[in-house]
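A, B, C and D label the chains in the order they appear, each numbered from 1.
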Amino acid sequence: MVGYSGSKQDHAVRLRRVEGQVRGLQRMVEDDKYCIDILTQVSAATSALRSFALSLLEEHLAHCVAEATLKGGPEADVKVREASDAIARLVRS
Amino acid sequence: MVGYSGSKQDHAVRLRRVEGQVRGLQRMVEDDKYCIDILTQVSAATSALRSFALSLLEEHLAHCVAEATLKGGPEADVKVREASDAIARLVRS
Amino acid sequence: MVGYSGSKQDHAVRLRRVEGQVRGLQRMVEDDKYCIDILTQVSAATSALRSFALSLLEEHLAHCVAEATLKGGPEADVKVREASDAIARLVRS
Amino acid sequence: MVGYSGSKQDHAVRLRRVEGQVRGLQRMVEDDKYCIDILTQVSAATSALRSFALSLLEEHLAHCVAEATLKGGPEADVKVREASDAIARLVRS
């Protein structure tokens, strides 16, 4: 995440939007909105979190993992394994 | 969602926790935390949203869909179809 | 699943198609096809399995769960809980 | 996928197992097994396909993407983008 200030700004905007969606969900529950409408909003928030994660992951592969690959050594393998584990958690969450 | 005040309280608590997780994500991005740690936190927030959705869905099946079934008529089919569509959105989000 | 012979036929067709996709995957691995193309085919097979599951689940809600609701008693609650658990496994698989 | 014969063997074994699961699903539908049991088996097959995909993806990052990174040039960016798109399809399938 270090130093990619354009995407940092973009990430901040996306997360504020997700926060807004989650606050919207709280109001929907408070106002006894219809379950199905609440579930639709949950799906939207989940999709937005996933998009954020996928965008962060692409940056991570393009920067941190690539730098480790160029340096070589065991660190490169560690980074690939670490990224793979994060992808697995993402797929299963 | 109407009238199940115990679960309404429970839903509100879950969503406040998700909101806290999303605010935590914003701080992590702001503080240039390591991508993999941010991704782990995204997976936690996504899982928490999914758990909320699954709990809401179970209530919906037990109450709204069941009531429509007992009334009978086309409304019952509409409710099942609507719930199935919400499940499909949830699975794919 | 008992007695809905139209959908039973439809389910059989869907599953034969998934089997074909999985055999296609085996040939792709055997022939050293490009990883990304194999992953695209995995996503297609996974989506097809999910669509089958969602269609089966909708039938289950419309028939088995609805019948249990009409009978009433504890069996109705058991059916809703069982369906909710299956949905949770589906969402997380 | 080229030349990693140990993992190629491992992939073949995993996919044969998934094929067995899908044939098992066909028998379950044929024999009118209980929906919930069929759905449990679908979740198992979906999980097995996902595990295969995650293992293939990790290899792809460790070999094809790493090689492109070491060569440098636009090909490296293409490989990262391609992998990211495959991850997105996997997450959403």
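Definition applied: contacts are C-beta pairs under 8 Å (C-beta built on N, C-alpha and C of every residue); 3 or more make two chains touch, one makes a residue touch a chain.
Listed by chain with UniProt protein names: A, B, C, D = Metal-sensitive transcriptional regulator.
Predicted model only: the values in this text are computed from it and were never measured.
Chains that touch both subunit A and subunit C are the following: B, D. Residue numbering at the subunit B/subunit C interface overlaps substantially, since over half of the positions present are found in both copies. Mean C-alpha positions place subunit C and subunit D at a centre distance of 18 Å.
Rounded to whole angstrom, the centroid-to-centroid distance between subunit B and subunit D, based on C-alpha atoms, equals 28 Å. Mean C-alpha positions place subunit B and subunit C at a centre distance of 22 Å. In subunit B, the residues that reach two or more other chains under the touch definition are 50, 57, 83, 90, 92. Interface residues of subunit A, counted against subunit B in their complex, comprise 1-3, 8, 11-12, 15-16, 18-19, 22-23, 25-26, 29-30, 32-36, 38-40, 42-47, 49-50, 52-53, 56-57, 59-60, 64, 82-83, 86, 89-90, 92-93. Put simply, subunit C touches subunit B in their complex at residues 50, 54, 57-58, 61-62, 65-66, 69-70, 76-77, 80-81, 83-84, 87-88, 90-92.
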